[in-house]
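Shared chain: subunit A. Partners: subunit B in the first complex, subunit C in the second.
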Partner chain A sequence: MKFGIQVNEGPYTHEASVTAINFVKSAVAKGHEVFRVFFYHDGVNNGTRYATPPQDDINIQQTWSNLAKEHNIDLVICVAAAQRRGLADDGEQERNKLDGNNIMDGFRISGLGQLIEAGIECDRLVVFGD
Partner chain B sequence: MSILHTVNKSPLDRTTLKSCLNLAVKGASVLLIEDGVYGAVSGAESTQMVQDAMGDVAVYVLGPDLKARGVDESRLIDGVKVVDYDGFVDLTTDNDTVSAWV
Partner chain C sequence: MSNVKKFMYINNKAPYGTIYAWESLEVVLIGAAFDQDVSLMFTGDGVYQLMKGQDTKEVGIKNFSPTYAALGDYDINKIYVEKESLDARGLTVDDLMHLVWEDEDEDWAEKDSIRVVTSAELAEILDQQDVVLSF
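Presenting the complex of A and B:
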């Protein structure tokens, strides 16, 4: 089956990011396709590349990035939520004249239409977060 | 059409489990994850509410989240089924749609 995932909660907040990661790992291991993960609200913080958690802790952002590479998963950050929280890619940096960007490899910033599309394209949309 | 409901907060913290059980129709499944696993414990304030609902809905609990909280499976309400992440994925495909009570 084709899965869409929505993550509404920031990393290291409660558990939603890790629950979503474990779900995605299980789904792909069982032969399902994870078409897209859409990061919304505080969930956009799953996509910053400047997180440096302790070495004995899970690096949530890096784990998403690796999963995306291994299984060809589209990681999409909501643009409006990203702008409010200081998440930027090249395009956002240029558009808003910022002095840098902080998006993690494998993520991209786009709009809510990507969530709607995932809802239409996928057999199941599973939501994680607060 | 069958629905899988996921509840991720303790019934002591939020009213999402109560709302979910009130609205879930016969044949639905409810999966308790994260702090939601406390809803599966027997001898708690929420136990009767969950037991009453279990005539109509199937209640599941995510095993790894029970383990993370030191809740032994022997303390669960009779009839609650423990699943792992593979079981979680199977529940989402066995049901027609998934509703997260976040």
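Presenting the complex of A and C:
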């Protein structure tokens, strides 16, 4: 089965990110395809590379990044939500004249159309959040 | 994009206090460009999103409620409001904005977009959907 995933909550504050990670790992392990993970609302904070949690805690952002590389999963951060919350890649840095960027390797910033496309293309769209 | 899917957006949170309602509406507006079969559903405190006469001046947060009136222009005209949620809050459909759309097949007759339905009816409508996004 082809899954699309939506993550609506920020890491650590809310368990949705970790539950989504566990879901993705299980889906892939059972031979399913994860077409895309779309990060919305505070979920965009799953994609910052400046998180430095204690070593005995899970590094959620790094875990996503590793998952993306291992299983070739498309991690997409919503641009409108990212602009409100201070997530930027090279393109956003240049467009908005920022003094840096903070996106984690393996993520990309794009539009809400990517979420709708996931809904159209996938057999199931699974939403993680409240 | 050959296949048309039935998209349902569930809104169950109050319009202000959190950003979910506003960012949900942004998804609906962007999604309208994809020519899918779109429905919106308002349950729980989500029914407050459709209240008429919203004024956010005192809280200093953008009043986005006028945007709902544009949904008809985007061919989004199936807006379901749960009757039990209205009842529990002492509201009726008259407390909500009058949202309309124009029916191309009937000489652009203006029709109501909001349909008040029971939770049992909503369950059936939900059962028919292909993609359910909840905010």
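By our rule, the second predicted complex is superposed on the first by the 130 of 130 C-alpha atoms of A that agree within 3 Å, B and C clash if a C-alpha of one lies under 4 Å from a C-alpha of the other, contacts with A are read in each partner's own complex, and residues count from 1 in each chain.
Operating definition for what follows: a residue touches a chain if its C-beta (ideal position, glycine included) is under 8 Å from a C-beta of that chain, and two chains touch if they have at least 3 such contacts.
The structure presented is a predicted model; accordingly, all values stated were derived computationally and were not measured.
Once chain A of one complex is fitted onto chain A of the other, the partner contacts of A:Phe38 are absent, as it touches neither subunit B nor subunit C.
Once chain A of one complex is fitted onto chain A of the other, the partner contacts of A:Ile116 are limited to subunit C, with no touch recorded for subunit B. Of the two partner chains placed by superposition, A:Phe107 touches none, neither subunit B nor subunit C.
Once chain A of one complex is fitted onto chain A of the other, the partner contacts of A:Trp64 are absent, as it touches neither subunit B nor subunit C.
With both structures placed on the common chain, the touch criterion links A:Asn8 to subunit B and to subunit C. With both structures placed on the common chain, the touch criterion links A:Ala16 to subunit B but leaves subunit C unconnected. In the superposition on chain A, A:Lys25 contacts subunit B only, with no contact to subunit C.
Of the two partner chains placed around the shared chain by superposition, subunit B and subunit C are both touched by A:Leu125. With the contact threshold set out at the top, residues 8, 125, 127, 129-130 of subunit A are in contact with subunit B in one structure and with subunit C in the other.
Contacts from subunit A toward subunit B in the complex involve residues 1, 3, 8, 14-16, 19, 22-23, 25-27, 29-30, 32, 123-130. Taken in their complex, subunit B has these residues touching subunit A: 6, 8, 33-35, 64-65, 85-86, 88-90, 92-93, 97-98, 100, 102. Residues of subunit C touching subunit A in their complex: 1, 3, 5, 7, 13, 19-20, 23, 26-27, 30-31, 33-34, 36, 130-135.
Within the complex formed with subunit C, the residues of subunit A that make contact are 6, 8, 40-41, 80-81, 84, 111-113, 115-117, 119-120, 125, 127, 129-130.
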